[in-house]
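For reference, the structure I am asking about is given below.
Chain nomenclature is as follows: A, B and C, assigned in order of appearance, with residue numbering initiated at 1 for each chain independently.
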Amino acid sequence: MLKTVRIFLFILALMAATVPAGGAGAAEPRVSEATENCLACHTAATPGIVADWKKSRHAQVSPAEALKKDRLSRRVSTEKIPEPLAGSVVGCAECHTLTPAAHPDTFDHEGEQVHVVVTPGNCAVCHPEEAGQYERSKMSWAQKNLADNQLYNDLIQAVVGIYSVKADGLSLQPAGAKDQADSCYACHGTVVKVTGTVVRETDQGDLEFPVLDGWPNQGVGRVNPDGSKGSCASCHTRHQFSIKTARQPYTCSQCHKGPDVPAYKIYSVSKHGNIFSTHKDEWDFEAAPWTVGRDFTAPTCAACHVSLIVDEEGETVAERTHQMNDRLPWRLFGLVYAHPQPKSPDTTVIRNKAGLPLPTELTGQPAAEFLIDEKEQARRTERLQKVCLSCHSHGWVEGHWALWENTIQTANAQTLAATQLILKAWDRGAAQGPAQGDSPFNEALERKWVEQWLFYANSTRLASAMDGTDYGVFAEGRWHMAKNLVEMSDWLKFHLKTKK
Amino acid sequence: MLKTVRIFLFILALMAATVPAGGAGAAEPRVSEATENCLACHTAATPGIVADWKKSRHAQVSPAEALKKDRLSRRVSTEKIPEPLAGSVVGCAECHTLTPAAHPDTFDHEGEQVHVVVTPGNCAVCHPEEAGQYERSKMSWAQKNLADNQLYNDLIQAVVGIYSVKADGLSLQPAGAKDQADSCYACHGTVVKVTGTVVRETDQGDLEFPVLDGWPNQGVGRVNPDGSKGSCASCHTRHQFSIKTARQPYTCSQCHKGPDVPAYKIYSVSKHGNIFSTHKDEWDFEAAPWTVGRDFTAPTCAACHVSLIVDEEGETVAERTHQMNDRLPWRLFGLVYAHPQPKSPDTTVIRNKAGLPLPTELTGQPAAEFLIDEKEQARRTERLQKVCLSCHSHGWVEGHWALWENTIQTANAQTLAATQLILKAWDRGAAQGPAQGDSPFNEALERKWVEQWLFYANSTRLASAMDGTDYGVFAEGRWHMAKNLVEMSDWLKFHLKTKK
Amino acid sequence: MLKTVRIFLFILALMAATVPAGGAGAAEPRVSEATENCLACHTAATPGIVADWKKSRHAQVSPAEALKKDRLSRRVSTEKIPEPLAGSVVGCAECHTLTPAAHPDTFDHEGEQVHVVVTPGNCAVCHPEEAGQYERSKMSWAQKNLADNQLYNDLIQAVVGIYSVKADGLSLQPAGAKDQADSCYACHGTVVKVTGTVVRETDQGDLEFPVLDGWPNQGVGRVNPDGSKGSCASCHTRHQFSIKTARQPYTCSQCHKGPDVPAYKIYSVSKHGNIFSTHKDEWDFEAAPWTVGRDFTAPTCAACHVSLIVDEEGETVAERTHQMNDRLPWRLFGLVYAHPQPKSPDTTVIRNKAGLPLPTELTGQPAAEFLIDEKEQARRTERLQKVCLSCHSHGWVEGHWALWENTIQTANAQTLAATQLILKAWDRGAAQGPAQGDSPFNEALERKWVEQWLFYANSTRLASAMDGTDYGVFAEGRWHMAKNLVEMSDWLKFHLKTKK
């Protein structure tokens, strides 16, 4: 009822005022001539993209207008937009023809120098702070951190390698680029390279296009033809680039749904997720800054980890960050144990004391020199807790933290038990590990060990962190840690006995 | 803001016009006398159905009005509605008393000849094209294709058969009709038959009703008392019959949620699903035709597989079809390998070279004479890709296709490895297969083999097809294909060794 | 279109009337002075809570106004509100300073006697019937029923106990309070106790707060500092306490999502869940009473189990109850078999004939004297079926019931088979059970037995009950019951053979 009254009053107010065209209340921003050229064909050629883009803020507001907002409300982080771009809305040409020389995938397309893959460097013209933050995030390094780590490559092959049956058992052949691109690197990002050109028949006659290897891909650490890392469109989905999309948990669910990182599944059945699912239709996902309690009444992934949050009086609760671990003291993702966040987003530099490219020893101790120290952990804890404290008392938050940090230790302990069993298996010859020149991840017992830390311990810790606690009991958590240990132990006993 | 302005302008327009009663802007369509009779009691007897129906288009528009729309916007596919039906809205009597003699479940009910089960033949009076398409769909044959295939019956009993413990091990007794109806045939459809009558006390005194066996059931291939196959209400849910329901993925999720066909789960965590979940409140799910980019900005299941899609200029992107595989070159559902779609919706006619009622050999070769050829695959690929190309470039679509078709081969190869192990087990006597006169699906190793193709290979292929790629890695995909193979191989080695 | 017309007519009507301030159409309810004091600091200290509360009915309506509604629409169940509370809206002070002497967690806070944990006794001032019903619900006993049952404690330790590796195998140490609070008792509820005080720096200077053990916790059976049981906020989430939250299935999903009680997952992929997910934006989740067909067109968890439902003519379909099993003849949750609901919400009194604190014998017979009899089952069946009959015919409902009750028996039978195997294992020394002084839940075979009834039989029964039938086949149901039995039987055969 109140809402209808408000709509009515608003209509009356509008009647008194003159309603200018365009959404931004200023002189109508213009679509650039270059973009008009694109639209001339693409309205028919790719109607979905064009219609989607028309709904975007990019299609309605020029960077010059965007700059006029006050600091907290501003959605561009540069202080100055280069002249040819400032006055037009952000259309096809503004992004796809920007700095053509820098983009090896640039091609001559109906008189324009167009590149296919828009990269963070393009976005940084208007959003340099966000691009800079993202460069310091492990996410933009996700391709390299996986590809340039020999141990992780062993794991990849244990997951996607191709088995065939030989007379004496199975033979594992490495998976090719396509299988890897269609699995691990779908999220981590592929290396996108121009490999040639192709001529296609189109409504405009025969046209030549570049052929890209590693394409399509929307991974967060995609290595672009210009050498840049990451894809803003992974979360700010084309071509509406809606902040509403990025702020809802469905975006994160694309890669964080489990069982290795079941953040989305856990959120869904948490109290926060419950409130989101029920009340999101009453929330304002477009507002910048994002006002806690008014625009939203429970955090989404973005609220805790990324967004600029203020209270109703305009006080900042959390600064915007696209370095996703900026508010995270712990890295819950076990490799093979949970540990303090790495110092550098480039995790390929990490070596534990045993010389392995892992942030912890196989026996649990953190590779401390490569990880943030307690002071930095405290700083990040404080940032994250400020978000919690918007709605929860200190007692509540401290109590939650105590449960969570205890659970981190418990899940690490249950990983240690599994690791001791696998070490014993390697030592006694019941399985072939690195010391025997073999992958530590591909045999039956080794695979149970992988599930212990990658699935069950991770799930247990995440369920605790996000208070979707029930998930960490039977779904993929504590029950499975315990059951898996018993089965590993029985397996090992049996194989050591029969070996004698 | 713009939305409110639009509402306001719309209100002004309405003030100038005369608002006629009824939603369709024409003379108010009338509820037939027969339906008024139904409503007289049923408004109290089954208030939920009646209130639900009142919200339906059926309750607001008469077929005669529906016929006036232009071809693309028309929701009825007949050219002529029989006279007594044309002028009234589509109410209880219009469907439940239609052609009573054809329906063995017709009974005398307060002076009307009413049948319980409304069948596709009834719907076809106004929607004959859709009914015809659906008849050519495997879905309408889902009951028969399962029930009349001996091998599939073996699988049913391996799933729902009742085990009891005997002195020397387990004994498996076939599950009865109720257990089958409450499992496999819930989706595939039961055979609904009149078995007698029952007298019930009602507010209107004692009344006699037919007793139906196999009822209730909403399976897509339900065999109705009139002998017809399928249920339109499986997707066009009673009694609102809303196109909005059919177009959202939740409808498909009822039977396609996994682990055998996890289409819904995969869609949910795909980019398309992300956009749907976030933006569906801004979409128009009622519009016919459905305009890509304007009415919706990402496909749902219906967009790719069923709906009539146009672009903003009214050009048809895809014709409506209720033959669900009309845009599908491949059948990803492995039996036991993925293969080209069958030619006939009646798959009971299929025999592979080995004489088994399977569309592939156990060693992977397609039973080609029963499957569509490459030309037809190309036609269906083109139809499906036209939907993709609304929003994606040719390079994008081709790249996606290359990944997907590679993944089909990979998952088939991992199915072949598992099949070679089970063939060896049958050959060496470590398990009892068809050659030994036993079900190929019920022993421990056989069940691991079933999971290889039915769960893991299917999940891997679907995850690739719908770009919910992460799902195909750890959730129920490649990791499990690999782990399962290692465990099968170890099991077999051990049992062959102990056998000696 | 109709909606906009309705909005417009409504606006016209509003123009004619005088719109009073406040949402309730009466003199503006006032915020009490005590609550104003709270808000003075907490608007800045915990902005999210305050903003959330402002959106609540509590913040807009005083109890005196709430009492004026007719019986069916009334949201308070008392006949008389104590004077100091009646005239103000329900703010911070109204709940957190109520009966301070009864609350051991009361502390002096800026001149007010504030307690942290608002308990059902506080809510009962306005909502005594609901509090009384909830007291008779097993849910409010969930902490005690778990903690005071030795057998269930064995299960807890099999789930959350900490394993370490010793020379001769694994050693299981009991989990501490934190691990238990962060797993089983997260849903069942912790015991919350004051253990001391702490001084914190705040914007108002140093302030002293109580320290609570077992806090935070939102479990349904939480034992509060005042000795009361349960938390209304488990479902009526703070601080909006919205009936919309409680009526949507997301609330129940927090604890009922599987694999032990996958009610939410099953609902999601049922026809009812499909309709909810698609059409909930058209429903009225705030209306009291809740009118079937008009306010909602498919049941949510609350509709079947809790809510006051009426039809459009105001006839009551179901009375409101917060005794959640008031409409439930069967307890599907197997312990270890499904059985009639217990008579008393205190299930610690139950002993089966074998002396175990279980509602069934290990061989399946119900511990009848502690369970409701057939007459009471019939009463509850009638209450539940009245909800079904709002939208379904008697034939439909009876057919569904017949399938469901058959499936209860089938799942019980497959639990019996597994239990016979485990009894044999205990008898023959292949595992150590209660007779050997050991937990029946912690060894490898025992854990498979647990999964048989706790995961697979429960899932099968729930999937049948809620007509999310497909879920009960491959997801976590019949396939897994069968496969698990075969694996258990093979394991046992092998271990009995090698033992010889």
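Quick note on the criterion: a residue touches a chain if its C-beta (ideal position, glycine included) is under 8 Å from a C-beta of that chain, and two chains touch if they have at least 3 such contacts.
Not measured: the values here are computed from a predicted model.
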Copies subunit C and subunit A - interface residue numbers shared by over half, same or different: different
Fitting subunit B to subunit C on CA atoms, where both chains share a sequence, rotation angle to nearest 5 degrees: 120
Where subunit A and subunit C are represented by their mean Cα positions, the distance between them in whole Å: 33
Sites on subunit B at which at least two other chains make contact: 7, 11, 281
Subunit A partner contacts - residues on subunit C that touch it in the complex: 7, 10-11, 14, 19, 23, 43-44, 46-52, 54-55, 116, 158-165, 169-170, 175-176, 178-179, 181-184, 186-187, 198, 200, 209-212, 215-216, 218, 237, 240, 242, 244-245, 248, 250-251, 253-255, 257-260, 264, 281, 442-444, 447, 454-455
Contact footprint of subunit C on subunit A as seen in their complex: 1-2, 4-5, 7-8, 268-271, 273-275, 277-279, 281-282, 291-294, 297, 311-313, 315, 317, 389-396, 399-400, 402-404, 406-407, 410, 413-414, 416-417, 420-421, 424, 464, 467-475, 477-479, 482-483, 485-487, 489-490, 493
